[in-house]
Amino acid sequence: MKEPKLGTALSSEDFKKKRVFTTSYKPKAEYAWDTGFAIGHYLEGLKEGKLLARSCKKCGRILIPPRAFCELCFRPTDDWIELEHTGTINTFSLCYITWDMRKLTDPVIPSVIEIDGATEGCGIMHMIGGVDPKAIQVGMKVEAVWKPADEREGSITDIKHWRPIL
Amino acid sequence: MGKRVAVVGAGITKFVRRAQETPPELCWAAASQALESAGMSFDDIDCVIHGTAPDAFDGVHMKGEYLSAGSGAWRKPYTRTYVGGGTGVYAPIHAWKHLASGKFRTALVVCEEKMSSCQPHPQGAFITIFDHTTERALGPNLLWIFALEQQRYMAVHGITNEEIARVAVKNKHNAMGHPSAQLGAELTVDEVLESEIMAYPVHRLMVSPTSDGAAAVIMTNEDVAKSVTDQPVWVDGVGWALDTAFWTNRDLYYPRYVEKAAWMAYNMAGIKNPAEEISFAEPYDPFCYKELHHLEGLQLAPKGQAPKLLAEGYFDRDGKLPSCPSGGLLGVGNPIAAAGMMKICELFWQLRGEAGERQIKKDLRWGVAQAWGDLMQVGTVVVMGRDG
Amino acid sequence: MRVPSNQNYTAWRGSIPVGSLYTVGLAGQMFLEALKEKGEILGSPCKKCDKVYVPTSIFCESCFAELKEHKPVKSEGKVVSFTLCHYDIDGNVLNPPRIAAAVRLDGATSVLIHDGLGEPSKWEIGARVKVKLATNREGSILDIEGFELI
Amino acid sequence: MTGNVAIIGCGYSPVRVTTPEVSYRELTFEAASRAYADAHISHEEIQALVCCEEDFFEGVSISDEYTPDQMGCVLRPVETVTGDGLHGVGVATMIIQTGEIDIVAVEAHSKASNILTFDHITEYALDPIWNRPLGFHPEFVAGLEMNCFLNESGLSVADCDVIAAKNRRNALLNPIAAYPARLSADDIANSPDLCTPLRQGHVAQRADGVVVLVLASEKLAKKAERPVWIRGTGWANESPTLESRPWGEDAATKAAATIAYKEAGIKSPSKEIDRFEVDDLYAYREAMALTALDAGKVGDRVNLSGGSIGMGHTLDAIGLYRTAMCVEAIRNGDAKTALAHSWRGVPTTSVALSIFSVNHG
């Protein structure tokens, strides 16, 4: 191979001292995504304090997040199923950085939680809380801690977090 | 199989934290060097393929269009393809379709990413890879998915973080020999584990940097390849597979989509026993554990055994099956799509004996490059070889 | 079971919350330095293609050759096209309309895009115009105020 | 081309101004179900999938993540092209011609109604150094192009009014069109000026919709009920740079057509092609495209579906709606050979086209 061609490194000084010209822009990119049949119901269920799944009678799976069709059987799903408010930690992390790269002293604890009543291995992403981070392990049983009914707004954050059942 | 397809030239920029060049200038630098290295002119190019990941990085909607002239697409057939982080290894697969179909004779294949344009930090773009309605409200970042996947991989197999940290040591060492490298270094396992925890179990030195850069190759059909070079490197197999977007419904401990893509490529190449027949590999290594995870998906190590083989030196540049001899994303840098293309370039240089101080000192028959991306979901695999 | 309605949460609002900071690049740096410091419009000739790119470019789009020579073109030229914009991006009416013009400066083969200045009804394709520079120049395309009819 | 390829299945949703009752996934599932039923195949028989979409149309970064499920293509070779659906047809055709894969689905959709700040997103596509800081409404690009094209071609604004009115009226006979109307050229002429000479009535209005096609190799297509053969495909870009592109002609369409006509063996397009479904995101673009396609005097054979002005601007699904209309015309016996063409809108010069026929020549 030859020496690489271009790729001129700039330092943050180069920007601060305006050694290079720049332009900046913040796009206005706003959306209102149609929730549709499956997720529309899912959000309303959360508002009511329910975890809703859909079943596929062909493969027998009970699916959360719910969907209008079974992606494996490629047919419409059949029924609404209300799941338990408990589950199992499939995996988790202790994260010390926010989505916009600010540092955190106390970690947030994202997790994949397999929900009781859904097909084994079928989970959602949510947060673990109300526990010493050091005590968390894969395989731990957890339960949903809901916001009070009057604070719920039809969002996944209507569940505050999931707390280990000790 | 369709007509034989070869790589006949490669070009690359330096990978840097912040580049002065505009994205089209980076594209042109890599693409024009690839043309020179193939000894071909711009008029010889029938079609152009571009690979680049999210528009939010470079900060241009329809950035494929924005990058087209820099990639050499003026009045030529041009498409930009992407499968998230898998894009860099996918772009040559996309080009392979153009050539193996017989529709075109020659293709210029360019991958670019300028992540430094994204403010305040490129990581900010990653919240929007999650489901807009059911996941983004939780404030997720990219580290989460890596940390969640690494944790699952470790938990299922009982793997330790020491075993995983070794990948950074190997790759940053390998990158010392790469002139494009952003983060080559001589480190110890302890230093990796002493670096700050970003998202347990992921430490800072287990993460590839954000980078600006571009890389490119020239691909041709068999006739053109034989007319322009004595040393064509053949694209003997390609494979790609995308798993369900419902990622929380899958077991993350094993990348079954990589296995699927790998067998598609191996079958095409006539490879029956990859662990024996593949001479070296460039698996995708944006985070330490990913290289191990992918070596298993590529069938180059039994499930859960890659960490042990790594510790034994099996994947060192002078080991039985060198892995990431380039220095990988951890060492060379990670301008997403360009990093995947850098792996294709490495296969090309290694198989031609042009890798300089990185050259693997044994007879090379086949190399495999692989990339991964989306919501832990896509595997893209290319097997390249010399005349065997 | 009683199934909740899906009529209360029919749409979910959100955005792509990024911002961008762009370097003007190797060619752009040359162009804007000449514009800011000397009030010159710099172009990049490609002898092979008989083209002169304005603003500057480090490569020729048509033959992909590296362009190493960069020299000023004239500050006068001809209107290739123009349009009267009656709305701004948020849909507010512009009265009088704003003129967007594509002008081929003498010595260039490409056009430069900028505001057309003056009375809209006087603008026509083929008209001669000259560059009007901004008084305070900071190193951006806005160092040009627009094109004035000659 | 090596190896013949045919469309054996075509499914779509009706184009609608809004589709609040279904998510993009649910809308796509419907179109895919129709396409697979039309092809008499199961989702398991699809061997590869090509999707066409853009992140900022979806509101998602790396939006290709969300493509496989609603197409029934989990864990299969799936790729995303940031192109129009007709780019996808070109790519899918090549995949089959490699000889490695026999059946490929192509998908493109629009949930344009979900985008609240469309013009701002178009602005984000402009060059960030030279064009965006000027702050013009991004449709100024169409205004510049139209003015230059009219000046060079000798056509008038009134000719564009006629095109727009024709397409709105053609849509009256198309049950899946979103913008049918009994409008006259005068009605269009009386619509407000946007970027003079461009008027409101010249512009295709956005709409939602999904199209899914199933393409197959000759071996399989011969067994299909009503295959529509792909005789030629082409796509090309001119310069993305506003400064260095030619403003009065559609050079990209010319380059793309050269490739496709050669493949299809077409020497006299206006004689050999019975039906044209071409880009009309702006009325002048229809005339510009026909010039570049070397298809003069074919007025009564162009955009009988209503085009995008009559059916709706469905983002990157435009080319597949044009294709679907060609497929139906060929299957109904209304055309033997048809051409579908699309352009990706301002500020691009990206076009794609395909030629379809009742036989494979």
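Per-chain residue numbering starts at 1, and chain names A, B, C and D are given in the order in which the chains are listed.
Simple rule for what comes next: contacts are C-beta pairs under 8 Å (C-beta built on N, C-alpha and C of every residue); 3 or more make two chains touch, one makes a residue touch a chain.
Note that the coordinates shown come from a computational prediction; the quantities given were computed from them, not determined experimentally.
Looking at A-C and C-D side by side, the one with more C-beta contacts is C-D.
Note: centroid distance chain A to chain C, computed from Cα atoms, is 42 Å. Rounded to whole angstrom units, the spacing between the C-alpha centres of chain C and chain D is 28. Averaged C-alpha coordinates put the centre of chain B at 32 Å from the centre of chain D.
One simple way to say how far apart two chains are is to compare their mean CA positions; for chain B and chain C this gives 36 Å. Counting partners per residue, chain A has 6, 8, 10, 15, 20, 23-25, 27, 29-37, 39, 43, 67, 71 as the residues that reach two or more other chains.
Multi-chain contact residues of chain D (touching two or more other chains): 20, 55-56, 59, 61, 68-69, 74, 114, 120-121, 123-124, 128-129, 133, 239, 241, 244. For chain C, the set of residues that touch two or more other chains comprises 10-12, 14-16, 18-26, 28-29, 61, 140.
Taken pairwise by the contact criterion, the protein chains are fully connected, each one touching every other. In the complex of the two chains, the chain A residues touching chain C come out as 6, 8, 10, 15, 20-27, 29-37, 39-41, 43-45, 47-48, 50, 52, 80-82, 154. On chain A, the positions that touch chain D within their shared complex are 23, 25, 27-39, 67-69, 71-72, 74. Interface of chain C with chain D (complex): residues 10-11, 14-16, 20, 22, 24-25, 28, 51, 53-55, 61, 80-91, 97-98, 100, 102, 109-115, 125, 140-142. On chain B, the positions that touch chain A within their shared complex are 10-21, 25-26, 29-30, 32-33, 37, 59, 61, 119-121, 123-124, 126-127, 130-135, 137-141, 143-144, 147-149, 151-152, 155, 179-180, 196-202, 212-214, 244, 246, 248-252, 345, 349, 354-356. Put simply, chain D touches chain A in their complex at residues 19-27, 29, 32-33, 36, 42-44, 56, 59, 68-70, 72, 74, 111, 113-117, 120-121, 123-124, 128-129, 132-133.
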